Structures are given as C-alpha cells and as structure tokens.
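First chain A sits with chain B, and in the next complex the same chain sits with chain C.
Our next item is the complex of A and B:
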C-alpha cells in the first residue's frame, strides 16, 4: 500500500468516514449499465441459485433455480439469463461508426489503414464484488462449450439455443475484466475502493455493505460502527441484516431458510410425480408452485438489498466527474467489444479452454502495458493521485525560477533550455534521470541536470530535450517560463508498443513448437456429478 | 563429487566448464542449460563460450537482460580478444550504451541489426532482440541471466537462433509481471515464468550443467548460501578459511557498529540488531545504523587480503555496497550517507545488485520492522541476492523480532496445479539465514 493510501486510511479511522482517494472518476460508467447480482449454491461450484438482473433499478428481473442441482432447471435459468443479457448486448452491437485500424497487408507485408466498423458504445456489466466477476467467468466457462440440439442432434443434454452464445459473451466480459483500466465488466467494490479509502482492511472492503457504510455512514454513526453492523448485525431469526453481496450466501440463511425450502420443493415435486389422477396432480401442482414461490421470495430477499446498494454505489460514483483519459480507455473497450461481436458473427468457435503460448504472451504484454498506462493516466487526470506519486518520490511539482537557453552541440544545434524548478517534493532523481511533463496533452521530456544548492533548497535543474519544434529557436509556448507552476513525473506518460511476437503457427521449439491445426474444442464431457 | 577425499575447486570447476563447452560446441541437443550459483564464473564462462563459438565459425548472437550486462560482456570480450569483431546492437534512445565502448576499435555499434549482419558476434538485450526480424537465423545463441528472463521474452527471440546456451542463477530473483498471471499458472509456457522453466518443460532432455564452485563467496559464506538457497544443488567456495582476511587499522571504539564490523571481519557475518519495533519502510533508525556502519567501515582503514594478491588492498568506497529491498529505502540510505559525507558507495535494491560483487556489503534486512511478511519480502531470491554479493563480509542490519514475524506469517501462497514448487521457500530460507546470523548478533548501541 502506498504511503498516501495508508495516510488516507488512518484519516478515515480518525474521522469515522472514508476519505476520497480520487477527485475524478477513473472508470467509465455507462448510462445504462446491466447490473447483475448473482447467488450461487453452497458446495456446488457453478450451480447458480438465482440472480437479480436488469438495467432498470426499479424493475430488476428475478431469476431463480428452485433446485440448483437439477440440470434442466439450471438450463432454464441460463436461458432466461440469456434472454435478458443478449438483447442488451445486441442493442449495442448494431450502432456503429466508421473507424480506421492498422493492419498488415498480407500481400505486401506493409502496414495499411483499413476502414472498419466500431461500435459507438459498448454494453457494461456491473457486479457487486470481485467474486461476482469470477462467477461471471465461471458461468461463461460452464456454458460456452455446451451444444444445442441444433449444433449436435446427438447430444444427450442439449442446451437451450442461446446459452452457448451467452457463455461466449460472459467469457469475453470476464477476460476483458482482467485488463487494467477496462470498464466492460466492473466489480463495484473494486471501483468504490479505487475512489475512497476506508478505515478498514482491503479484505473488509470487499464487503459491499461495509464499504458503503464507510463511504456514506447513516446519520449519527461512524463508518466503523456502521460497517460493523453491516457485517455482523442479525435479526431475531439469526439472519444477517445486510446479506453478503454474493455470489456466496450466508450459512445461516442456507441452513435455516434455504435448505428447508428446497426440501419442501423436492417433496412437492416427488409428490406431483407420484400423483395418480388429474385432480390430485392439480392439487400437488399448486403445492409445488407455492414451494417454488417461497424459494423465489427467499432469493429476492437476499439479492434485493445488494441490488439497491449497487445502485447507491453507482450514484456515489456518478457524482464524480469523469477523468480525462477515461474516454480513451473506454474506446479500447469498444474495440474489444466490436472485435468479439465480429468473431461471433463470423462463426468462429468459442474461446479455447487454454490460451496457446503466443496468445498468453500477447495478453500478458497487453495487460502490463495497460497497467502502466492506467497508472500514468490516473495520475495525470487527478491531482490527488498525482499527490500520491509525488509523496512516493515519483513526481514533483514546482515553480520555475530560472530559464537559461542553451543549445545542443553538433551540426544542427537544437534548443536545450535549462529550467530551474523550486520544489518541496523529494523526487528520487538519479543522475540524468528523465522526467516528463504534460504539454498540451503530449509528454515533454527533460533530463535532470543536477541540483542548484543543497537538497534541502529543492532547486532542480532540468534540461528540456524535446517538443520544441524543428527550428533552432523553440516554438512559442514550448519552453516553460519563469513563474510557471509545473508538474514533472519520473514515469513515462505514454506506453511504447511491445515487440511483435511470432504467429502461433511459428511458435519456436523452446515453447513446444507450433500448436498444430486448431480444431474446435470438444464439448465438456459428462461426469457423474452432472446428473442429479 | 562429494565423495572425493580432497576437493580441488580449480579442477572441479575446470571439469564442469569443459563438459559445458563440449556439449555446446559438439553436442547434438538444441540447448544446453547451465546453473550457476553466485560468483561461480558465469560471465567468464559466457565469454569463453562466445570466443570458442566464434572461433568455430558459428555466427553467434548473445542475449542479455539489461544494457549494463550487455556492455559488460562487450568489454570482457574485447579484453580477452581485442581483434574479434563484435556487434553491439542498441536502442535508439539517447546514450544507449556505455561510453567505454567508443574506444574499442573492433566493436561496431548500431541500432539496426542489418548493419551488424555478418559479424561473428552480435550482442544486445532481450528487449531489443525482440524487435529484430531475420530471414536466416543465427546458428548459435548464448542467453545470459536466463533465469531472470521471462518466458514471453524468450518466445519473442527464440525464432532468431537454431541452438542456444542458457546460463543463469536459479537462486536469484525470479522475473515478475506487474499484473496477475494466475490464469496461466501450470501451463508449460506460462508467459510470466522464467525462460528456463518453459524451455525445460518442453525440452526435458536438454543437458543441464552446474558450476560447482563460487569464487566470490568466502568460505564463511558459501556453506550458508548453499544450504539456505541451493539445498539440492550444493556448491563450494573456491577459497578456504584463512585465504581471505579483513583487518582494520583503527581499533574498535566499542560502539555497536564497530563491534559488528569486527564480528563480520572475523567470521564473515554480522547482525546488528535494533530493538523490536514496527516502523515505516524507511525506518530512520535502521537507515542511520546502516549509514553509520558504512561510515565506520571506511573510517577505520580497512584492508582486504585475498588470494588475488599477496598484498592487502585498501577497503575503499567502491568496494562497499548497501543492499535494500525497496527503492525508497535505498534513497533514504543514500541521503543518510550523504549527510555523513560518504559518496561513491553503491546503494541499491536487490534487483539492481544482481550480478554485482563487492568486498563488504551492508544490507537492510527485507523484513526489518515490518508488521507482516508478504510474498515480496519473503522471496527467496531477494535475500539470496543480498546475502551473496560479498567477497569478505556481510553486515545485516535488522530489527529484533523477525523470527517471530516469520512464525506469525507462514507462507500462504495458493498452490497452483501443474507448477513446479520451488525449493526452498522464502520462509525456510529466511529462517536458515536468521539462525546463522543469530550467532553473530551485536545489539545496537550508538
């Protein structure tokens, strides 16, 4: 944890309220996000119990699996989920704008610009917590290799038509969420935690109720008291007053309420199957419906508080103005969305179970680049984040106290003005360290040329080395002037593209050689556990 | 080898080197892997292998990890064979290489690989090689510091050569990624794993060698470093007890720093223990203690006697280094040293001290004053780098209570299926080093 984060947390403890960790919003929030509050069944990985889902905070759609271990009911749930999620995604897929993309011409090997479609906006999925992101990924994995009856008439348990497609989309969202700074799939606790520092640990911040209690404690209570209540307070029946944001449920709920309800549902179902005539069946169907409705209400009661908190959290975030670079990062999310849309339309097979060596290396390189870019952009967009970097010795602000014009040696002398900056910050400047400032949105580089006086005087001499035009005299406004207040960073503002890796079919011997012809992945094989 | 009655380090090392060169020059395997403990003559081996490959007329590319390593290799090659034409492929940044290369007549420098084509040896960093495209691959490559290279780095350059010699130290810091890479854990080509891990996972039949002798570490340090960090691949010191001596003209003034210096001069190790306390990373007291020890080391007229020469050589600032875990700690120590008027002492983090060698090192223990022991601070390689940079003595400055801290924080890293578990884990290595240091403990008294 950085020093400024530690200080902010200490201040939160003292004041009893979360402290701002950012002055602008560093993630995109869609005007119409799809909020997804899933619950899973204890002890059954990948067996959803239910969910609230939708784009309208007043009208969430409740989906429930009354017997989570029943494959047919699970498929019905997933089909219903697809009916909500896929139309939402499709509504963004059709609105496009023209854009250009650099591609390598297969004939000449040159880089050429190609006119392509770019979706004008992209869908956004919001889940309450990081565990929710993992659950989205798990759902995606469990669905994308399913076969529908149309794809494979022989399959013993065909999936409803749109379920494999939903799996591919959820997989894409889950994979994109691993890219730093992306906003296609957001975990609300993570985003809130980025913008506020609470007086509790990072682990406790994963509890949405406790986190919100710190950020906006109810009147008369401190954040710590409210958070404690959110975590522990139970009603007369021993049920948590603030149910966990899921997907895991509280054991007391599982044991006392859910298990008996499912038991009654099972009983009603068995009874219905054993009914001997229509009249009896009608009665028993009524009992089954009642038992089912009971489970529905239980699931609603555990998801609705979280649903409301998610929207409250979104309100808090919306109150912050959007950071300047957020749009640029969102554009990359749109590219990512458009790219997957195109792959689906082109009939490509689902994402493979495992990345090949080249894909894995490319993904890692992209994410590292995005992380570095995010770190730089957040600091440039937000003085509070920059303050953290200054405190860490990675940036400094100061007033220009002197500018001396000098020129580089060589055939064509270029301007190399020496700028003396007085700063109270203590940057870790090595000999000839490079520093950067933002000049009209572009980074201008300077070289640390030494100190004027002792370290305590804080006079740094910097030699500006670029962005002054081509002439012998620097362009107007490209050289700082006496009295200017400037902020220099020791980190680069923009990321260089990495080296191009070989194509997968040219994977070298050190990495196992080419993976061979890519065959469509087989569907998941059936196991004993799949069948109830 | 361990059963030999008399262990002659020179012979053992020579035999290992011969076997490596035989496999490299005349073997049939596409790769040869050499594990080298700290100071075992890795650079010497790389230079020798490069010269012999060049002699044999095989076009050779050398991949190192940092520009400093590349320049160092170029200088060493030029020293051994000034007539050999060497290409130094560099980036297009300003000052891309060491100025010392300018004076070398046979070293051609360029930012374009094409301009260096045809030279017997071309050297560059892995990052620069990754941008090179060739029609005809090099016949041979030497990959230096291969354990510090990431698997994806090797993926980017492996198409450039037919065969390669991979040299590195498995005990040093593992490469790292700044984003999570758990999703690929267990895959043979996990891009965040080390290049050697991936290479051997796909080519387990490659010959693997090991340099058995550390010429850097003194007899007092080699057994501890070997036991703590290389439990299954032990190595020996090239020198014996008594071959090296550290003495001081000015006697001890009885203070903690002076006593710990004497203890370290005598036994090779010294632990200067400050009272237990939770502190910020840049613990002012510990930083001052480190700076004071360095100041006294230089003030007391140290003289180092070693097998290199019969006469003692003075312990000057350039023969002393300070090692820390974090950059801000290094910066704080630098500032404290400047206050005491000490300049020219290398102060850096473990990452940057890798591959360097000094007579005496002073290290700030990575766990000193910490309330918790994270994976970063427990990393075996970090402590190994810090504890294996010295030829004579190592002084560790630390808050008391690290043993309890270790017991409070056993390793809890999730176990990933399919990954090779690295031994020893940081917890165990830390305990081993701490137990040994405990015998050389001097309490802090200013």
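Our next item is the complex of A and C:
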C-alpha cells in the first residue's frame, strides 16, 4: 500500500467515512450487467444451494436446490442457470462489427491484416466478492467436462444439454478475471476497494456490507459503527442482520434454519414416495411443495440483501466518471469474448484441465503485460494515482522555464530541443534516463540531459527526441513552451509484447516437448451414490 | 521432589486461578496449538490458551462475541467422508499410504487394526503408546492402522490430548500421520490456505508422536511427510497427496518451547486477575487489559477475542488495526492522530524521513484531489 493510500485510510478513520482512492472509475461497467449472487453448501465442493441472478435489479431470478446433495436437483439448478446466463451471453455474441487483426501468413511468414468480426459489446458478470469469482471458476470446472446424453449415450448420469456449454463460458469468465484490468467478471468488493479507502484493513474490506457501510454510512452513524453492525449484528433469532455475501453461508443459518428445513423436505419426499394411492399422494405432494417453498424463502432471505447491496455498490461506482483508457481495455475484453465465442462455434473441446507449456507461458506473459499496462494507464487517467507514482519517484510534474533549440548531428539534422523543467518532485533519474509525456494521447519521449544547478533547485534539463515531425523544424505544438505545466513519467505508456513463443507443436523438450495429439478430456469420476 | 516439578505444579495452580474457580480447562486441540504459531508475539493469546480459558465464552462475557461456528453440513460431510476412507479395515487408506509414501514396501494386502478403546484420555494415550510399540516391535513386515489414536503433548506444563485421524505403522517400523479433510483436491491441487492449516495441524501430531517414539528403544522413525487425504474433484472418492511438514514442525516446536514463557507472563500479572466468564464485564475487561495483546487484522480469522482486541486497538488509535504492513512505512509513528498531525505539519521532526515522506504524500494527495474538484 502506498503512503498516499495509507493516509487516505487514516483520514477515513478520523472522519468516519471512506475517502476517495481514485478520481475516476478504472473499470468498465456495462449498461446491462448480469448480477450473480450464489450460495453454496458448507463442506461440499460444487454443491450450490441457490442463487439470485439477473439483469433487472427489481426482478432477480431465484434459483434454489432444496436438497443440495441430490444429483438430479443440482443438475436442474445448473440447467436453470444456463437458461438465464446463456441467452444473456448470446445476446452479445450476435452483434458484431468489422475489425482488423494482424496475423502471420502461413505461406510467406509475413504479418498481414485480416478482416475479422469483433463483438460490438461484451457481457459482464458481477459477483459480490472475490470468493464469488472463485465460485464461478469452480462451477465452470464442475460443468465443462460433463457429458450430455447426446454427446455420449452411455454416460451414467447425463447432464442436461447446455450445462457443459455454461461450464465452458464460466471457465472463460473465471480465467479472464485473472487478467489485470479486465472487466468481464468483476468482484464488487475489489472494484469498490480500488476506488475508496476505508478506515479498516484490506482484509475487512472483503466484507461487502462493511465496505459499503464505510463508503455510504447511514445517516447519523460513522463508518466504523455501521461496519460493526454489518459484521456482527444479529436478530432475536441469532441470525446475522447482514448475511455474508456468499457463497459461504453463516453456520448459525445452516444449523438453525436451513438444516431443519431440509430435514422437513427430506421427510416430505420420503412420505410422498411411500404414498399408496393417488389421494394420499396429492396430500403429500402439497406438503412437499410447502417444504420446498420454505427453503426457497430461506435462500431468498439470505441472498436478497446482498443483491440489493451489489446494485447500491454499482450506483456508487457509476457516479464516478470513466477513466480515459477504460474503453481501450474493454476492447481487449471484447476481443477475448469474441475469441471464445469463435472457439465454441468452431466446435473446439472445452478448456483442458491443465494448460500445455506454451499456453501457460502465454497466459502468464499476458497477465504481466496487462498489469504493466494497467499501472501505466491508471496513472495517466487519474491524478491521484499519478500522485502515488510521483511520491515513489517514478514521475514528476513541473513548469517549463526555458526551451533552447538544438539539432542532432548527422546528415539530416533533426530537432532536439532542450527543455528545462522546474519540479518539486524527486524523480529517480539516472544519466540519459528516458522519460515520457502524453502528447495528444501518444507518448513523447525525452532524455534526461542533466540538472541546472543543485538538486534542491529542482531544475531538470530534458532533451525531446521524438514526435516532432519529419522536417527540420518541429511541427507546431510538438515542443513544450515556456510556462507549460507538464507531467513526465519514468515508465513507458504503452506496453510492447514480449518475445514470441513457439507454437505448441514446437515446444522444446525442456518444457515437456510437444503436447502431442490432444485427446479428449475424460469426464470427472462420479460419486456412485445418488445422494452424496 | 526436583525443583522443576514444583515449579510446574505452582504454574498449574496459578493457571487454574486465572481460569477462575470451578471452571474446567478447555483442552488445547491441535488446531488451537497450530494457531498459536499464527501470532506468536501475542501474550494475551498465549496466557489465555495456556491457562485453558474458553476464549469464546470470554469474548461473549466481554460483550464482543466471536463469529466462529461450524455448519452441521460440513460436519456431516466430513464424517461421512472419513468413514468412507476408513471402510473395510482401512484398505483404501493403506493403499494410498503405500502408493504415495512407501511404494517400495510390500503392498498392504492385510493389516492389523488394533482396538484402542480405553477409559479417559490418559487411558487412551497409554493404550495408543502400547499399540504403537507392539506394532513396531512385533509387527515387522506388516502394516498397522491406528484409527483415532490419542497422543499427549506437554504444553506449558500441562498435557494436551490430541486425536489424529489415523496413524499408520509401515512394515519397516516407521510411523506416518494421516490427515483426512473434506475439502476437494481439484485436478491435483487444493486450496493452499486449507492445505497449510492441515499441515500445521499434522505437524503438531508429528511432534506428539516423536515424544512417544523417543521412549522406545530403538526409537522408530516418525516420517516428516504426512498423508493428506481429500475427496477427488467433485466426487466423494478419496485421493491423497504427501505433504512435507518439516517446516511447520520446526515452527510449532519452537512456539511450544516458547510457551514456557507463560510462567513469566503469569508472574507479571497483578493480583486478582481472573478470566472467569462469570465475572462482570468491567472486571473482565480490566483483567484482559492487564495482558498486552498484539492485534492485527489477521487475528479476526484465528482468534475468538479478535473483535474485543480490535475495539481496543481502534480506541487507542493504533495504526496496526489497518494492517501489519501499514506500520512498516510509518517509522516511529504508531497512532492515527500522530500520523495525521505529522502529515499536516503540526508535529514531528521534519528531518525524520518518515515524517518528510508523509508531508509530501499529504501535499500530493491534496493537490490531486483539488484537481478533481475543479
């Protein structure tokens, strides 16, 4: 945490309210995000208990598994989830625009431009917290290797159609969420925590209720009081006033409310199965429906408060203006979405359990590059972030006090103006260090040529080296003038791609050699019992 | 009687006084012992755990109840999985031990599973020690599975009784701790936080086993690679992985040795300090305040008293309430007001690099926020 962020937290402590940690919004928020508030069963992997999901804040769809340990009921839940999520994704897959992409021509080995489709917009999934992102990844993993009866008539427990497809999409969202600066799948606590500094630790910020309590405390309460209430307050029944944002539930809820309700449901189901005639069965079916409705209401009561908080959080974020580079990063998300859409359409198999060496190295390189890009772009978009970089000696601002025109030596002399800047910042500049400023959205580079006077005077002489046109005289506006206020960074504004990796078929033996023919992944081993 | 013995008895008596009259000591389990390693500098936790105080009850009596609890679903699932793993005389479990830890030994086609029932924890401990000795000395060349043995570990002068899920005696006479957990191993990897907790817990068992082993001649080897058994992917089929716990064992062993400081902490306490939950909240607060705590946000996940300590830390304006890392960059400034005053230029020595950096940070922050308002 930078000292500026720490100061913001300390100010939040004394003022009782979260303080801004950003002046613009650094993530894209879709006009029509799909909010997903899942709950899971304690101690059970991939056994969802229920969820609220939807794009309409006033009409969430409630999905419930009345007996989470029952395979059929779980499949029914996943099929319902697919019915909500897949049409939402499809609605973005069909609207495309023409775009160009650089590709290597296999014949000549040259880089050529290819005309391709790019989805005009992309879907966006919002979950309450980081644990929610992990759960999306887990759900994706649990579904993508399932077989439907159509794929494999022999499969012992065929999954409903479209469930494996949902698994592939959720896996893609989960993978994309690992790329810094991407917005396809967002955890609300992370995004809020990026934009506000609360008077509590980052660990406590993972509690959505407490985090919102600091950002927008109710009238008359301080953030600390409201956050404490969100963390611990319980009603007469011993239930948390602010249920956890999931997917884990509060043990007191499990033990006191949910377990008895599931017990009643089990009893009603057994009774129905044992019914001897139609009349009796009708009665018992009624009892089963009642028991089921009870569990529905319980799940709704635990997810609805979180659902509302997520939308409140989105309102808070929408109030911030979007950062200038957010659109560019969102375009990358659109490419990622389009790419996966194409892989699905082309009938490619689901993402493997383990990536081959080349794919894994590419993924890591992408994440590193995107992290550097995000760091640079956030600083350029946001003076508060830039302030942190200036404090760290990675950037400086100052007023131009002198400009002297000089020229490079050589056959065709080019302009190399020397610009003297007075700054109070303390950048770590080595001899001939490169610095960059933004000129009409493009980076202009300069070289550190030395100091004018002592270090305390803060007079830096910089030699501008590019973006002044081809002529002997620099183009208008391309050279700073006396009196200009400029901000230079020591880091580059745009990221170059790293060295190109070989194709997977060319993987060197040091990295396991070529992966060979890709065999279809086997489905997961199954629990033999019908009920876990 | 040798002097250390009296010292131990005196300490035990003192700890009983701290717990309060007629309050049963809360037995230290492996989980609690392992948690001690999480925040070793905290004297409050050391003395409360050492004295066997029920911290959850204490936190409730202080008015800052903890939020710990276990869902019965998790419990049921855990028990069902353990039963499945140990079914058929532990055939599957032994197969996994053989496959993952000792593939050179002969396969465990048959194994003895000694009966370990006895009355009371002391009885069960003695029974376990006997079974271990018999299996090691007479059972050469065969496999033995000890289902829920009981081990004793000396913690600050009083024995803590521990119950591992299983201990396996190899044909070569070596002993292995088996930990059965119900979190899944997904594509060969499990949640690192949970694996870490399981490894710390298993390390405590290894230490306790080593004490038993040291009493035998020749002392059998207690393997430092334990077997972690988890459900495979999304099924209830067991899969296992060997976990090296040498590091956790060393850390826990050092912490346990340091626990003898409990004597020093107890000696430093004023007269009349008592942690009985029966006492009024004010008196309890004073008692708890008499022992210094080292609160950090990580405590919230590990200690029942954390909300109380957090309250106090916040009331004192301690900057560590915002995280341990915060402290590092603030130099000698430890309170919220102190830092802010220094940042505003009202206090602090401008020559101090921490103060100078703070003032610059405050200046830059104000400037950036001013730009936003324009």
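The rule is short, and it goes like this: the second predicted complex is superposed on the first by the 526 of 532 C-alpha atoms of A that agree within 3 Å, B and C clash if a C-alpha of one lies under 4 Å from a C-alpha of the other, contacts with A are read in each partner's own complex, and residues count from 1 in each chain.
The rule is simple: contacts are C-beta pairs under 8 Å (C-beta built on N, C-alpha and C of every residue); 3 or more make two chains touch, one makes a residue touch a chain.
Since we're looking at a predicted model, the values are computed, not measured.
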Partner chain(s) touched by A:43 [first = chain B, second = chain C, both, neither]: second
Which of chain B and chain C A:304 touches, first, second, both or neither: neither
Chain B versus chain C as contact partner of A:118, first or second or both or neither: neither
Touched partner set for A:221, first chain B, second chain C, both or neither: neither
Partner chain(s) touched by A:354 [first = chain B, second = chain C, both, neither]: both
Which partner reaches more residues of chain A (counting touched residues only), chain B or chain C: C
First (chain B), second (chain C), both or neither touched by A:455: first
Common interface positions of chain A, toward chain B and toward chain C: 3, 354
Chain A contact footprint on chain B (complex, rising order): 30-31, 94-95, 127, 130-131, 151-152, 154-156, 158-159, 177-181, 183-184, 187-192, 195, 198-199, 202-203, 280, 327-328, 331, 335, 338
Touching residues (chain side chain A, partner chain B) in the complex: 3, 178, 180, 354-358, 360-361, 363-365, 367-368, 370-372, 392-393, 428, 432, 455, 465, 498-499, 501-502, 506-513
Parts of chain A lying in touch with chain C, wherever the complex brings them together: 1-4, 6-11, 13-14, 20, 23, 41-46, 138, 141-142, 199-204, 224, 231-232, 249-252, 254-255, 258-259, 353-354, 383-384, 386-388, 390-391, 524-527, 529, 532
Interface residues, chain C side, partner chain A - complex: 65, 67, 69-78, 182-184, 186-187, 231-237, 297-298, 300-301, 307, 314, 317, 319, 321-323, 325-326, 329-330, 336-337, 339-340, 343, 357-358, 360-362, 364-365, 367-369, 371-372
